[in-house]
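Next, two complexes with chain A in common: one pairs it with chain B, the other with chain C.
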Partner chain A sequence: MLIEVVNVVILALLAVTALAAVRLNDLFAVTMMFGIYSLLATIMFVVLDAIDVAFTEAAVGVGISTVLMLGTIGLVGRRARKVSHRPILPLIVVIITGAALVYGTLDMPRFTDPTAPVHQHLGPYFLNESPDQIGIPNVVTSILASYRGYDTLGELAVIFTAGIGVLGLLGLRRRKRPGHEGGAR
Partner chain B sequence: MTIAGLYNYWIVILLMMTGFYVVIASGNLVKKIIGLNLFQASVFILYISLGKIADGHAPILQAGISNYSNPLPHVLILTAIVVGVATTSLGLALVVRIREAYDTVEEDEIHDQDESM
Partner chain C sequence: MNDNPVLRIVAKIIIPMILLFALYVQFHGDYGPGGGFQAGVIFAAGFILYGLVFGTEALRSAVPPHILRIFIALGLVLYAGVGVTTLLMEADFLAYNALSQDPVAGQHLGIFLVELGVGITVGAVMITVFLGFAGRNDP
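So, the complex of A and B:
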């Protein structure tokens, strides 16, 4: 019962935070809203039994992402200009997409339903076989590093590629020449 | 029971659409990327919600407990969080680079500069 209440409250707070982030034009405040949002999501993950995800989100989502955004704001300035035109078209697109998604949820198994199809095949297999095949108590770790090890390897490839991309864009600094490329300055 | 059973999904959809709205409606590139992150984090909540079982425990095996939440969505989302930060950092690097070239991060001003060239 407590979990249901916490669940409802945290989700409501998430919604408020996200809507506040939409309305604000100070990028620093928007970033802080994102940090709060990630922190609330972390609490949500603890409530929903995903403690490994909560750890990662707390370190990476709240920590590194926010720091990266703050660093970017430091370089580009913190003022976002107000949108001058009425955002009718984006609103229509968003509402239609949201309505389609809500329609899609009507067929979904109910929240915390143990008979949902997703809990019938791989999940129980991992939970039953992991103690014998891998031998560590944390099933999430054994799936991450062993059953889906290639997935994690692919993840490393993505991070490596992103690192090369960031280095190429910013790190290997060519000296700024006045009036180069496009003469925007 | 229907409303209670679907409440999580509906709020998550609201959050997703909020992020989506920020991405398409705001002209500032940094705010767009923050919107993309909001969208992403709400997708994580959707997946973790799907893995929860009533009266389940965290999937760390202990004697005397037999009811665990599904560990598979947790693993997928662990991977997704890290990949998400990688893409975010690349996007923010692009924003910094655009700022160097155009001296602005507002979409319409960049567009005007491209037109007037």
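So, the complex of A and C:
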């Protein structure tokens, strides 16, 4: 009972934070809203017992991305430009897409349903076999680094690509030599 | 850059703790929550705090960009290199069992190296992205 109340409260706060982030005009406040959103998502993951995911969300969503967005605000200014037109068409597209996604979830097994396919085949296999096959206590690490090593390699390649993309777009400004005036920005 | 003494001293005290915690998360990921992704981000957070308080020029002297660029590639090369090594040992790509006589010890070694590769690349990319955004504002 208590867990349902916590879930409902957190989901309601997530919705409120998202709406506030959409409606606010001050980009600094929007960034703070995104930080709060990530923090609420972290709590959600802790409630769901997904500690590793919560850890990542706390470090990346709350920490680094907030700092990076603040750095971007430092470049572009903190006021959002007023939108002159009414975005009716995007609203319709978003509502239809959202309705399709909600319709898609109706086919999914109920939350915490023990007869769900995921709890019949792969879940028990990883939990039962990984102590003998891998021998480390954290099953998440076993799955991430060993059973699903290809996927993690792909994720790392994505981060690598993002890094060199930022390097290519923004560049790392060379340090100015002493006595050398100006220089390209 | 920032002349507030409280901020500077507190930053100097907690930056080593952040880096130490990142190393703990990196190497304790087999036993508790954590791993390369989180450790890389936390490690980068320590450097980013340094950059925020002491200025991006100081951060650039602490971690020169050309070294960062090497580390960005090094992590991915380490990860893929483990896979190539297992291939050369006549096993499947990233089949860590081949890394040692004892399959479980091979798994431990493989996971350790792979997580280290993830941590190196993630940390270097995060610091690079921060320098890319924050470094452009300097006069």
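The criterion applied here is as follows: the second predicted complex is superposed on the first by the 171 of 185 C-alpha atoms of A that agree within 3 Å, B and C clash if a C-alpha of one lies under 4 Å from a C-alpha of the other, contacts with A are read in each partner's own complex, and residues count from 1 in each chain.
What we mean here is this: a contact is a pair of C-beta atoms (placed from the backbone, for glycine too) under 8 Å apart; a residue touches a chain by one contact, two chains touch by 3 or more.
Because the structure is predicted, anything quoted here is derived from the model rather than measured.
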| item | value |
| --- | --- |
| Overlay on chain A: chain C relative to chain B, clash or fit | fit |
| Touched partner set for A:Tyr37, first chain B, second chain C, both or neither | first |
| In the superposition, chain B vs chain C on chain A residues touched | B |
| Touching partner for A:Thr56 - first (chain B), second (chain C), both, neither | both |
| Touched partner set for A:Ala162, first chain B, second chain C, both or neither | both |
| First, second, both or neither for A:Val16, with chain B first and chain C second | neither |
| First, second, both or neither for A:Arg81, with chain B first and chain C second | first |
| Chain B versus chain C as contact partner of A:Thr97, first or second or both or neither | first |
| Which superposed partner A:Leu144 touches (first chain B, second chain C, both, neither) | both |
| First, second, both or neither for A:Gly135, with chain B first and chain C second | second |
| Contacts of A:Ala29 with chain B and chain C, given as first, second, both or neither | neither |
| Closest Cα approach, chain C to chain B, once both complexes are overlaid on chain A (Å) | 6 |
| Common interface positions of chain A, toward chain B and toward chain C | 51-52, 56, 60, 64, 68, 71-72, 75, 137-138, 140, 144, 152, 159, 162-163, 166, 169-170, 185 |
| Chain B residues touching chain A - in the complex, by the definition given at the top | 1-2, 4-22, 24-28, 30-31, 33-35, 37-38, 41-42, 44-45, 48-54, 56-62, 68-75, 77-79, 81-90, 92-97, 99-103, 105-106, 113, 117 |
| Chain A residues within the chain B interface of the complex | 4, 7-8, 11-12, 14-15, 18-19, 21-22, 27, 30-31, 34, 37-38, 41, 44-45, 48-53, 56-57, 60-61, 64-65, 68-69, 71-73, 75-77, 80-81, 83, 87, 90-91, 93-95, 97-98, 101-102, 105-106, 108, 110-114, 116, 118-119, 122-123, 126-127, 130-131, 137-140, 143-144, 148, 151-152, 155, 158-159, 161-163, 165-166, 169-170, 176, 181-182, 184-185 |
| Sites on chain A touched by chain C in the complex | 51-52, 54-56, 59-60, 63-64, 67-68, 71-72, 74-75, 132-138, 140-142, 144-146, 149-150, 152-153, 156-157, 159-160, 162-164, 166-167, 169-173, 175, 185 |
| Residue numbers on chain C that touch chain A, as the complex places them | 25, 29-35, 37-38, 41-42, 44-45, 48, 52, 57, 60, 65, 68-69, 72-73, 75-76, 79-80, 83, 93-94, 96, 103-104, 107-108, 110-111, 114-115, 117-118, 121-122, 124-126, 128-138 |
